Every structure is written in C-alpha cells, then in structure tokens.
C-alpha cells in the first residue's frame, strides 16, 4: 500500500515535475526566443545607429499659411507698402526707388529706370509675383519685357549679372532662350506655363551664387531652380557666366550682390510686382 | 540797273541756295546720324542674333489656378476619389491598394502594408499633401512615421529605393538624417518647417532618377530638390545610393520604377494623404 | 600546540590564499582590462563594419609600364602600324582613312579630310599624342589647327559634336576659348602648357558623353577632364552643347558616337599623331 | 578718205572698247563673285567673332619633360632631399617630420606618426609616388596601409579629413570602399590597377576642397578625380563628408588645410614615398 502510496506520490511527483518542466520549457523556449529576438533587435539597433546623425539640428521655421506667404525666417522685400529696401538703379546708391507703389502693388516706371535691393545677397530662396497688364501690346521681346537680376554685379546697377527673364509669352513667341522663365540667352525654360495678361503670376526661385577663387577664377558656377506658376521651368541650371545680350557668357569675380528688377526700354505698357520675399540660404 | 537787278537776283539766288544748303545740311546731318545709328543698331541686332536659339520650342502648359492644383500636363495620382492608379505593396502586382479612401483623402492602413503606383516613372515634379493626425502619440521615429519612396526598386515593393521621410517633427526630435524632409539616412534637411499635427502639409518634389551604364555602374546619381510647406529643405541633393536603414548607401542598377507610400510599423496613429499629382520631366 | 600548529597552518593558508588572491586579482584585473578592451575593439569593429562595402569588386587592371602605355583593358586605336580602326570623314562609311602612316606615326593629309573611328563610344579615358611640325608657319587659328571630336555626332563626319581643340599656342595667341586645351568656343583652358613645335605633346582625357531623355531633352551634360602634357587644363567641364563655330551651343539628342581627328583647312603644315588608346568607362 | 580713216579709227576704237569691256566684264564677274564671297566670309567672321573670348589669358606653364616631372608652376613638396616642408603629426606644429629620408625616397616610420605639410592648401593637382615594400606581409587592411589626407582638418593632425586610401591590393582583398584608390569608406574605385609590391606606383590627383557658408553649412562638396598608375579610379567623385572609420560621413566647416601622409598602426612593413609635387588651382 504504502508502496502504492509511495508510488502514487512518486507518480504524482513525476507528473508534477514533468508538467512543471513542460510548462517551464515552453516558457523557456518562448523566453529564449524573445531573448534572441530582443538581442537581434538590439544588435540591429546598434548597427542602425552607426549611420544616424544628431548634430547640427536644422533650425525650426514656421511656414507661411500658404506657400506664397513668407515663412518666419524670410526677409520681406516688398509687402505692398513701400520700397524702403530698394533704391534706384544708377551710380547714386542713395537715390530712392522711382517706381510707384499703389493698391498694395508696385508698377514699373520705365523712365525712372530699374530698382535694386539695398542689401546684398548670395544664396537664397525667393518668392515674387508679377503681372503683365491686361492691355499689353507689342510682340517678341517688346511685350511686357522685364527681368529679375538674381545678382546685379554692376555697382551702377546696369544690366550686368544673371537675369531671369520676365516677358509676356502668352501667345507671343520670341527666341526660346529669351522667353519668360529663361535664364536670359542661356537656359531655355523646360516649358511655357504663362498666364494671361492681367493675371498674377509667381516665381519660386532657388539661387546659388557663383563662387570665385582669390585669383578671380571660378570655383563653383551660379545654379538656379525656378518654378513659374508652380511649374518647374529651370531644374538646377548651371550658368556658364553672366547673361549677355551680345557675345558669349563669361564669369567675372564678385561677391554678394543686390537683386534688381529691370525697367526695360520697350514701348509696351509697364508690368507690376507684389509680394516679394526671400530666405537667405 | 539790270546789273543791280541781276545782282538782286543773284543775291536772292545765293541766299536761297545758302538757305537750302543749310537746311539740307542740317537734314543731311540728322539723316547721317540716324543712318549711322540705324546701322549701328542693325549691326548690334545681327551680333545679338548670333546667340538666340529658336528651336525646339518649350511646350505650352496651363498652370493650375494655385500652385497646389495640377497643371495641364500633370498625371493625377490621387484626387480624393479612388486608388485605381495604386496597388498594394507585395509580390502580387495585381492586388488592389488596401488603404481606405474617405472624405476625399486616404488614410494609411498599417496592416494593409504600403501602396505603390502601377505606373513606373523616372524623372518628375511631384506635389503631395499629408496630414499627421491631431491625436498623434509616440516619440522619435515612432510618431507619424511614413515616407515617399521616390523610386521603389524592389519588385515586391519592400523598402528598397530612395525614401523622402515623413515624420511628425513638430516638437519631436530624432536623428536629423531621419527627420521629416530628410532623404532617409542621407540628406539632412536644411530646416524644419513642420506644421502642427492635424494641419495639412505639402511636399513639392523635383526628382531626377539615377542612370546606369550597361555594366551596372552609375552614370549619374539620383538628384532631388524638395520644398516642405513652401520652404526649401533639399537643394539639388545628390544621393550616394539607396536609402538604407543599416549600412552604407550604394547603387544597384534599375530602370523606371513605381513610387511608394510607406505603411510604417510603428504604433502611432496612421497619417493621411490627399492631392497627389506629378509631371514627368 | 596543535592550536599553534593549526594557527601556523592557518596563517600559512591565509597567507597563501591572500597571495593567490592578490596575484589572481592582478591577473584578473589585467584580464578584465584586456577583456574590456577586446570587447570594445569587437564593438568598434562591428560598428565599423556597418559602413564597409564588399560587392561589386572593382575589376583588376594591369597598368602600362608608364602612364603613356595602354593598360590591359585599353582599346588601342593607333599604335603606329595602321589606321584599320579608322575611316575617312564623309558620307561613305566604308572609305578607308586617307592619312599616311609613316615612322610609326600618322600625319594629317588635309586634302583627304578628317578620320574617325569605326567604333562608337560613350564614356572613356583616352590617351593621345600629337606633334606640331617644327617648321609650322601662320598665326592665330591658322597655325597647327586640328582637334579631337570627343564625339562626332554627324553621320557624315562633318564638324558637329564636341571638339577638344588642337593648335600651336607656343608663342601664338588667339581667342582663349579657341586655344589648345579649350573645349572649342566654350571652355577656356586653365593654363597654357604648350610644348615647342617639333616636340610630342600628350592629352589625357576623361570624357562622359551627354545623356538624353526619350523626348530628346538633355538628361546629363557632356563632362570632360583634360590634362595637356601632364598639366590640368579642363577640370570636369560641363558642356552646354555642341561646339559651334557660329552661334550659341545647344544639345541635339544622340547615342554612342565615333571619335574624329580633324583635318583643318588652314594653310599651315599638317600635324602628326601617335599612340592613341582608350578605356571605355 | 579721212572719213574712212575716221571710220577706221572709229572701228578700231569700238573694237578696243568692246574688248576692254569684255575683259572688264569677265574680271568684273569674277570680282563680283570674289567680292560676294569675301563679304560672306566677312559676315561669317563677324558672326563667329561674337562667341570669341579674349580675356583673361590663361597663364603659360612649362610642362615637365615627362608627366611625372613637376611643371614650372608646381610646388615641390618632396624631391628626395628633405622633409623641410613637412612636420610631424601632433599638437606641436613645430615638430619636425619624423620619417627617414634615404636614397632619394622617404620611408614611413610608424612610431613617429604621420607627416603633414606646413603649408595649407585648398584646390590642387598633385603628383605622388609610393612603393609597397617587396617583403610586405599581412592581409586585408593590415598590408601596406597608409593614405593621403587630401585635407587634414584636425589641428593636431589626427585622422580627420578626406583620405585617399593607400593599401597593397595586389592579390589582397578587403572591403572595396577601403581598397587602394578608394576615398576611404565612401568612393569605391572604378578599377584596381595595383602594381606588385616592390614597384613604384603613382597617383595623379585633382582635388577641389569643399566650401562652406558663414553659418557652417556646406556650399559645395569636396570633389576629386584620381588616376592610379595612369588608370582612372575616381571620376569627379563628390564626397558627402569626411572619411569616417565609424559612422556616416558629414561635413564640418574648415578652410585651407594641410595634406597628411598617414602612418597606419598595422604591423606590416612600412611603405615609401618619392616625387611629390602639387599645383594650386
């Protein structure tokens, strides 16, 4: 009996131990699995961490409510009120910009020549809106001609530098390296997304100024990406020099430079600008 | 008398002739000037014409009413109605995209994996809007994580290719080459223009796919320019290879490839997309 | 006593154990140090391994005995024996090259026009030697004028393509974008390392052909690095189009193309070539 | 009679005049042709002249007798005589270079650490020769390991900067972004043109240093073209940052910097250098 009892106890014990072992082994297995997985994850994490970069941290910028509105780090060059940050083209750098601000916009005064920023810039993202007048006349280059000199490298503000062309090419043709969206007489625009005269159009520009060595030779070229009315027209175009009316473009050493809006001498009605801001890069 | 008369006539004649000569000479002078000027202008025009380009003519594109709206030459990948141009990530290329379209937007379904375009692309300009949910939780990489694979080069749609990161980095830090606007584990964004969770954000992307030689080596790298909420975050970044979670990026030859939106495995609430279009370049 | 004895034994034991412990602890310390160092090294090795790349393995090439001699993977275009790999410029692609091979060199025959490779190439490293004759006469562009068309994209072999200029500019001036080492009428050479007429000169060229999209627009520009007589004259110059005698350079879509050596029409004595080889890249 | 006579004279006169007229008209025709041609040539010349550039004139440089010999504008960093233009790596910038010059060459002394130029450089063309010793032993990275830091940007000369790898890869493999001709742990060389241990090998290097903005961010990346034994191994490679043993490369702002030759800590026999010169660009 007691043998039986013993035997019973023994059976009970063996069973219990077996059960415990089975349960434990299951847990152990699962635990080993999870340990192995955890170890693998840890190792992967360590290997992944090797290619993480933590500094410097990109600055926080508050974007505009729309893409047309200036982000928090933008310099507002013209918001419809005045041209205080601009001066008239010409040798006298103190002369006020001669264009008329009205209705929160500014209209070119061809007799008053171009206007240029008082500040000098190098690389920047710029937003700018322009409008060809509804009553525009003329054809070819003589129809709403103006331009943005991304850098105006003549002290007197003459047309020396790198010009992003403005022109009315809505049903108006000209040489393609001179139409709106072109880097004048260099970069033909990818497409022609012109709006009708009378409608506001907008340029989004990313400009990287050329850099020069101490001896005046080029280190890196001017580079520009441009969207006209939200459509890509220049995709990281590398300029081969200044934009020349006659002759082959070439570079001449310069540093940071003003931005200029052109008053072109053609007889067509003057265009208008509004909402100009930039973010130095 | 008649002599006097003659003399008178003579004087009269001489005077007349003199007058005529003076007048003529003035006209002649002016005419010579204007001829010289005309000649000079003509010569300048001829010299200027040498650097004009006339063909091919850039195609005319009608821009959207706003920059967010698709131009006339855009392919609309998602306009709020359906995901017909997308399929589910995975080896079965016929499987429909598993995310739910509702309220003119689409929300990630993490269990249904990512979605990828049925078409393959090479170079393009793309517009895309996304929204981190207002109730987002988590931190670091586990907060609103998703991504745009600019080219997904795995046939089964796994995370192989070139990823433009999506993440909630509004008051949330992580490794900077993994924050929103980064080319994942390569290009650190220039700035952090994140909007608050719950607000729609937009990417404007210009992607140029890498090109390869017949022997599989690289001919030209992937290049990308990106604006987040109208603010430049990648300025013609040249990728050095695919975006790798672990290890050093390298290139593997491929051709045109689908675009993929990622369903990331983290536990945070899923993000939503809307208004996706691209223009092949 | 036995207590003493015990005590002695005990002391002995304690002393021994202490000694052993000290020694062990020293060893242990050192062992722990070395283990820690080994562990650190192992960890560093593992982290370092993350950025190692193992495939594909760059092909083994046996270099020439001197840099002027062709490496094992070079295609020898002219080794002084014959012009079998070349044909005459002109519409008849079967016409043999008309220049005279003599004394292990080949001399231009201006009446027989230029010569071009029968094979077409895209990207390559090229070595080429040329000699202006000692009795050269003339000035400006009319003195030893020839050129290497890095890609001759006209089927008839006319001067359409991308020309690396050859000219005698040893004490002879011309427009600088047309002197030896220039990309004709585009890239001005950095310096003028001309040798005297009568001496052999050598070009080391790295040419990457432009690539085009299906619609004919440019994907990536032609790029060239050139050494003249061991001196860098073009440092990764990006061409903006074909090299034009008149007008602004522009690109026209093409594929792999022959290389052409020019027979220039000026009256000066003809130049000679020798030792021309290239390695497709 | 005299009428006849007159008539005769008249005939004679008419005949003469006719003859003269015929002759003249022939000449006139030819003259008109040649005038037209001359005019056309003049016009073409004028149009061609528009794209000629005359200034600045590239400096004249006298090349070396062979490409391995320094041109007239080169700075000779080591010509076999002494290491006067070099100093020992380490915080003490006045400490002389510790390597032994012998037999017109210099051999690495691993205990004396690396050597770096006393002058700082930015962009340059460099020629450099090195020799793996004939009795080299070891494998992988532990076989003839050294390197050229194209710019060593740590003041104390530690291994921070941009390293062009030197290693014996003649029948010795390692990770391919760490073999000879690699930009260490970045740019895999195009091919492996190694010479046998015991033979002199030569690097031709064109280095353009990265440039930075005032705020420390990158303006233009480091760019490098390298020939090993006359064979192109790096074709305008754009570095993504410093060459890191562990972790992802990134840029840290710096200006002109010394060039450093590395004394690597592996146990293999030291390598030797000779004939080092550069031309600032």
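Letters A, B, C and D name the chains as they come in the text, with residue numbers starting at 1 for each one.
What we mean here is this: contacts are C-beta pairs under 8 Å (C-beta built on N, C-alpha and C of every residue); 3 or more make two chains touch, one makes a residue touch a chain.
On a predicted model such as this, the values are computed, not experimentally measured, just so you know.
Student: Chain A and chain B are the same sequence; what rotation (0 to 180°, nearest 5) superposes their CA atoms?
Tutor: 180
Student: When contacts are scored as defined above, which chain pair ends up with more C-beta pairs, A-D or B-D?
Tutor: When B-D is set beside A-D, the one with more contacts is A-D.
Student: Report same or different for the chain B and chain C interface, where same means the shared residue numbers exceed half of all residue numbers found there.
Tutor: Chain B and chain C contact each other through largely matching residue numbers.
Student: With chain centres taken as the means of their Cα atoms, state the distance from chain A to chain B in Å.
Tutor: 10
Student: Determine the centre-to-centre distance between chain A and chain D, using the mean Cα coordinates as centres, and give it in whole Å.
Tutor: So the centroids are 34 Å from each other.
Student: Please report how many Å separate the Cα centroid of chain B from that of chain D, as a whole number.
Tutor: 35
Student: Which residues does chain B have that touch at least 2 chains other than itself?
Tutor: Correct list: 47, 50-53, 56, 177, 185, 188, 190, 208, 246-248, 281.
Student: Give every residue of chain B touching chain C within the complex, in rising order.
Tutor: Touch list, chain B to chain C: 50-53, 56, 122-123, 208, 211, 213, 216, 219-220, 246-248, 250, 281.
Student: With touch defined as at the start, can you tell me which chain A residues reach chain B in the complex?
Tutor: 44, 47-48, 50-64, 66-69, 71, 73, 125, 127, 173, 175-179, 181, 185, 188-195, 202, 204, 206, 208, 223, 225, 227-232, 235-236, 244-248, 279, 281
Student: Which residues of chain C touch chain A in the complex?
Tutor: For this pair, the touching residues of chain C are 46-47, 50-51, 177, 185-186, 190, 217, 238, 240, 248.
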